[in-house]
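Quick notes on the structure that follows.
Chain naming follows the written order as A, B and C, and within any one chain the residues start at number 1.
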Amino acid sequence: MNRLIVSLSPHVHSGDSVQKNMYGVCIALVPAMIASLYFFGLGAAVVMLTSVVSCVLFEWAVTRFILRREKVTVWDGSAILTGILLGFNLPSTLPVWIIVIGAMVAICIGKMTFGGLGQNPFNPALVGRVFLLISFPAQMTIWPVSGSVAYVDAETAATPLSIMQNAITEGDSGILSQLPDSLDMLVGRTGGSLGEVSAILLLLGCAFMLVRKIITWHIPVSILGTVAVLSAVLHVADPVYASPVAVLCSGGLMLGACFMATDYVTSPMVPKGQLIYGVSIGILTVVIRNWGSYPEGMSFAILIMNAFTPLINTYCKPKRFGEKPGKEAAK
Amino acid sequence: MKTFSMGGVHPEENKLSAGCPIRQAALPKQAVFSMFQHIGAPAVPVVKKGDVVKVGTLLGEANGFVSAPIYSSVSGKVSKVDVALDASDTRRMAVYVDVEGDEWEDSIDRSTDLVKLSDRPELDSKAIIDKVKAAGIVGMGGATFPCHVKLCPPPGQKAECVIINAVECEPYLTADHSLMLEHAAEILVGVKLIMKAVNVQKGYIGIENNKPDAIRLMKETAAEYPDIEIVPLKVQYPQGGEKQLIDAVIGRQVPAPPAIPINVGAVVQNVGTAFAIYEAVMKNKPLISRVITVTGKSLKNPSNLMARLGTPFSQLIDECGGLPADTGKIIGGGPMMGKALISTDIPMTKGSSGLLIMNDKEARRAKVEPCIRCAKCVGACPMGLEPYLLSTLSSQHVWDRAEAEGITSCIECGSCAFTCPSHRPLLDNIRLGKTTVMGIIRSRAAAAKS
Amino acid sequence: MNVILIAVCVLGGIGLISAAVLFIASKKFAVWEDPRIKEVNEVLPQANCGGCGYPGCAGFAGACVKAAEDGSLSDLNCAPGGQAVMEKVAAILGLQASAAAPKVAVVRCQGTCDVRPHGVEFDGAHSCRIQNMTGMGETLCQYGCLGEGDCAAVCLFGAITVNPATRIAEVDESKCTGCGACAKTCPRGIIELRPQGPKGRKVVVLCNNKDKGALATKECKVSCIGCGKCVKTCDKFEAITLGTNLAHIDPDKCKLCRKCEEACPRGAIKAFNFPPRKPKVEEPVKEEGKA
C-alpha cells in the first residue's frame, strides 16, 4: 500500500479550475469571432492571430526570462483570453507592428509588472487598447466597413458611434438617420472593431457563461440596464440623443459589459459591489459617449472603475448570516 | 422546496451504499474505548486492568456538566488503561478491553418491541434528560456535543421547536438514511421524547429530497403524530449545519457567535441521536453502538454497518471487502468535513458516522494556483463571509482584521475550498486564523476578568 | 509674454494655497510625542522583530520611555540589540540597564527522516501550525518537529532554516539574536530559548516527546524515554529534572560536565560547541565525579 495522505477537510473538490474558466470565456467568444471573420475576412484573421500569438509569447518570455519562474503559466488560458479580447478591440486594418506593441503593453505592463495572473489592477486587454488609442489615434479610428474583407485598403466609413456623437455636437437629430437600422446593428453589419459589431452573438456568449456559472448576472445586467435607462431618458428629453436600442447595439458596449467588465481579477468580489461597479460603468459610458471627446467611452469607463474596485471591495461586505434574523425571530 | 438562504454548493452525491440494509458488524477481538468521544471534558476511567466488564458496564464517568460517560460495548476483561491513537489522530487516554463472549448487563432491555411514549406516561422532562445524560449520548452527526447540554436551555431562553437533522448532506454517507428506513417508528418516539424533554409542541424533521423513500416512510409513520412535521429540503451542502438547517426549516437565522440555536428558539438534534435517545430512555440501553457507513469508490462492498463502539476501523473495512490496494486516504466522517486518519488501527467512536476510503488519485489535492479573484468562494460561503480575504488575512497574521471580518463565524464547512478553481487551501488558512483569533478572544476575556 | 505671466501666476497661486493648507494642517493636526521616544528608537536595531513583545522598534521605544517614567527598565529587553543597545537606551533615559543573559534558540528535536520515518504524507498548505491541526502530522511522534518551516518564515535574521534532507529546523547561532519569534510560533513548543553559555557551550535534551518509554521508543530512535539515567548522573548539581517522561536540563545549574550526554542511552542529550572529546582516561571531569 502507498503512504496514506492526510490533509484537513474538505477532501473533495468541485473539479473547477482556472483553465476551465479561462477557456470557457474563450469558447463564449467563438461565435463573435466567427462573425468577425465573416464580416472582416482576412483582416480579422491577421489581427486576431497576431494579437493572441504575441500575448502568449510575451507572457512566456516575461515569466521565463524576467521573473525567472520555473513554472511557465502560459497555458492557464489567461494570456490567450487577453489576446482575443485585445484583438476584438482593434480595427481589422491595423498594422501588425502596432498590434504587437499593444500586446506588449497589455501583457508586460498591464499584467506581468504587477505579478501576473490575479494581481493586475486593470484589465490588461483594455490597457493595451487604450494605450494604442492614445498613441496611434489615426490608425485606431479608421474603421473598415463590415463586409470589406481585405486587410489593406479596405473600404472605411463612419461608425454608428461617430454618427451619434456628430448628431450631438451638431445638435441635428437628422444626422441620426445615417445610422444603420437596428437589425443590422444587432447582427453586426456595421463598421467597428472586430469583436464589437455583433451584439447578438456577444449576448449568446454571455448566456453561455451564465449557464456555465463562469460569471454572475450582476455586472452585465447592471451595465446594460443603466445604459438603457439613461439613454432612454436622454432620447425622450432631446431626440439628438440616439435611441436606447441603437446605443446598446453600438460600439463596444456589449463586449465591454459581458466580457471586459466581468473580468474576475479587476471586478469587485461581492454582488452588491458588482452592482455599484456596473451602474457606475454604465453612467460613465453614457457621459463619455455623449459629452466626451472620444466617441466610445466603454474602455475608459471600465478602466476608471477598475481603479475603484479595491475601494468597493473594502466597503462592500456581503450580508452575513444571522445579521438580520428572520421575520418570525422573537429575540 | 425549502433550503437555506445564502451560499452553499452541491458536491457529487456518491451515495454508494444508499438502500443497503444495515448489517450487524462482528464483535471485535479487542475493543478500545477512547475517553475523548465528545466535545468537552474527557471522561475519567473508572476501571483498571483485570476488571471484568459486560456490555453496558460503565468504563469512564463524565467529568463535569459538558462531558459524557462511556460504556463498554463488549464483554470481557480490561487489558490496560493507556493512551491510544483515536479518531482525532492523536494519542489520548483509552480503556482496552479483550473481548470474551457477549454478555449484557441485566438492566438493558434487548427486545425489539416498540415502546411508545403513551406506554410510559410517568416520564417527565427531568427523567428523560437524566436518562440521556446517564446514557452518554452525544450529537451523533459528528459534532459529538453532549446531548443533555442542548436539552437544558440556559436560563432565560425558551425552546419553541425541535428540529431533527436527517439531512445527511455529506456526500457518500448513508448511515442516517438507512437508519430512517429501518427504525422510523423508534426515531419518531425519540423525537417525541426530545420534545417532551424541552417542553415544546412542535417538531420538524428536515430530510433532503435525494432520499424520497425515507421522506415517504417517515411521512407515513408520522401520520399518528400531528405535531411532527416532515420537511423535505432541496439538496444543498451544508444543509446539515445546525444554523443552515434552522434557516431552511423555520426561516430564522442564528446570529453570529456566541449566539447558539436556542437564541432563536430551536433545539437541533441529529436523527441518529433521536434513535439513541429512544433506546436509552425506553430500552435502558446506553450508547454502545451506532450505524456507520463504510464506503469508497474502490471498496468492494460499500455498506451500512451497525457496529459496537471501540471496534477498530480495520475490522469494519475487512467486513466490506478489505482495504483496496490503491488506497490513498482514509477519512473518518464524510468527505467535506471528515478527518483524514493516519492508520486503520483506530477505534470507532460515538461520532463515527462514516469511513470513506479514497483512492490515491482522488485523495491528492491539485496544484495550487494564484487567486484569480473570481469570487466563487464568496458566493459559496453559507455564512456570508469572504473566504478569500479571511484566508489571506490568516496567512499574513492580521488577526484583528480577521476578527473584524467575522472569521469566528466560519463553520468550517469547506464550501470555499471545494469550489475554488485555483485549488487554494482556503479552509486550511481560515482554520488556523479562526483558532488563533478564538485564542486571542479568550485571553482578552480572561484579562478583562482579572 | 502674457501667457507666461498667467502660467506663473496660476502655478504660483496653487503653490501658495497648497503651502498654506499644508502649514495649517501640520499645526492643527500635530501630535505631541515625547522626543525621547525618537531618540531611543534611533539606537534600536530597527529589525522590528517583535521579540520584545511590542509591535516593532518604535513601539518598544515608547514602552521604554513609559517604563522610565515609572523608574525601571528591568522588564524590557531588546534581544537582537543585546546588552549594548539596552545600555544606550538606559543612558538616554538616565537609568541603569538591567543585565540580561544573551539567549539563543534551540530546536529540541533530532527526529530526522532516518530515525523517525514519515509514515503518512501531509497534503495541504505548507505551515506547521496547519499540519499540526491534523493531529499527528506526518510521523508517529506528536511532539516532534513538523518541518514545514513556520519558524523560518517568522525569523527576520535568517537564523533558522529547515534542512530539506532531515526535515528538521536548524539554528545558525551566529545569526540568532534570541528574539523568540520562532519559539512563539512553533505549534509544538519545540524551540526553547536558552542562555548562550560560556563560549556558546551548553548541554540540552534535544527531545520534546512526553510519551511513555515504550511508545517513545517506537516513535523515534533518538527520543527521550524518561528513564532518568541523566537525572541520577547529575545528582551532584541537580540540574536535570524529569517532567512527563521527559528530562530537562536547567541551564542555570548545569556545570557543562557532559556526563549526562554519555549517560543517555538514546543519544537524546547533546552538547553544543564543545571541542572534540579527548580520550576518556584523561577526562578530568569524570575523575571529579567519582570523587
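Here is the rule we go by: a residue touches a chain if its C-beta (ideal position, glycine included) is under 8 Å from a C-beta of that chain, and two chains touch if they have at least 3 such contacts.
Every value quoted in this text rests on a predicted model; they were computed, and no experiment measured them.
Of the two interfaces, A-B and A-C, the higher number of touching C-beta pairs belongs to A-B. Distances between chain centres, each the mean of the C-alpha atoms, put A farthest from chain C. With centres defined as mean CA coordinates, chain C is found 41 Å away from chain B. Annotation: 48 Å between the Cα-based centres of chain A and chain B.
The distance from the centre of chain A to the centre of chain C, with each centre set as the mean of the Cα atoms, comes to 52 Å. Contact of a single residue of chain B with at least two other chains is seen at positions 89, 339-340, 342, 363-365, 425, 428, 431.
Shared interface positions of chain C, i.e. residues touching 2 or more other chains, are given as 119-120, 123-124, 130, 133-134, 136. Contact with two or more other chains is made by residues 4-8 of chain A. Those residues of chain C lying in contact with chain B across their complex are 119-120, 123-125, 127, 129-130, 133-136, 140, 142, 211-212, 215. Here chain A touches chain C in the complex through residues 3-8, going by the rule given at the top. On the chain A side of its complex with chain B, the touching residues are 1-2, 4-14, 16-18, 20-21, 73, 76, 78, 116-119, 216, 264-265, 267-271, 317-331. Interface residues of chain B facing chain C in the complex, by the touch rule stated above, are 82-83, 85, 88-91, 339-340, 342, 363-365, 395, 425, 428-429, 431-432, 435.
Chain B contributes residues 6, 9, 11-12, 89, 160, 171, 243, 247, 250-256, 259, 263-265, 323, 325-331, 333, 335-343, 356, 358, 360, 362-366, 369-376, 378-379, 381-386, 388-389, 405-406, 409, 412, 414-415, 417-423, 425, 427-428, 431 to its touches with chain A in the complex.
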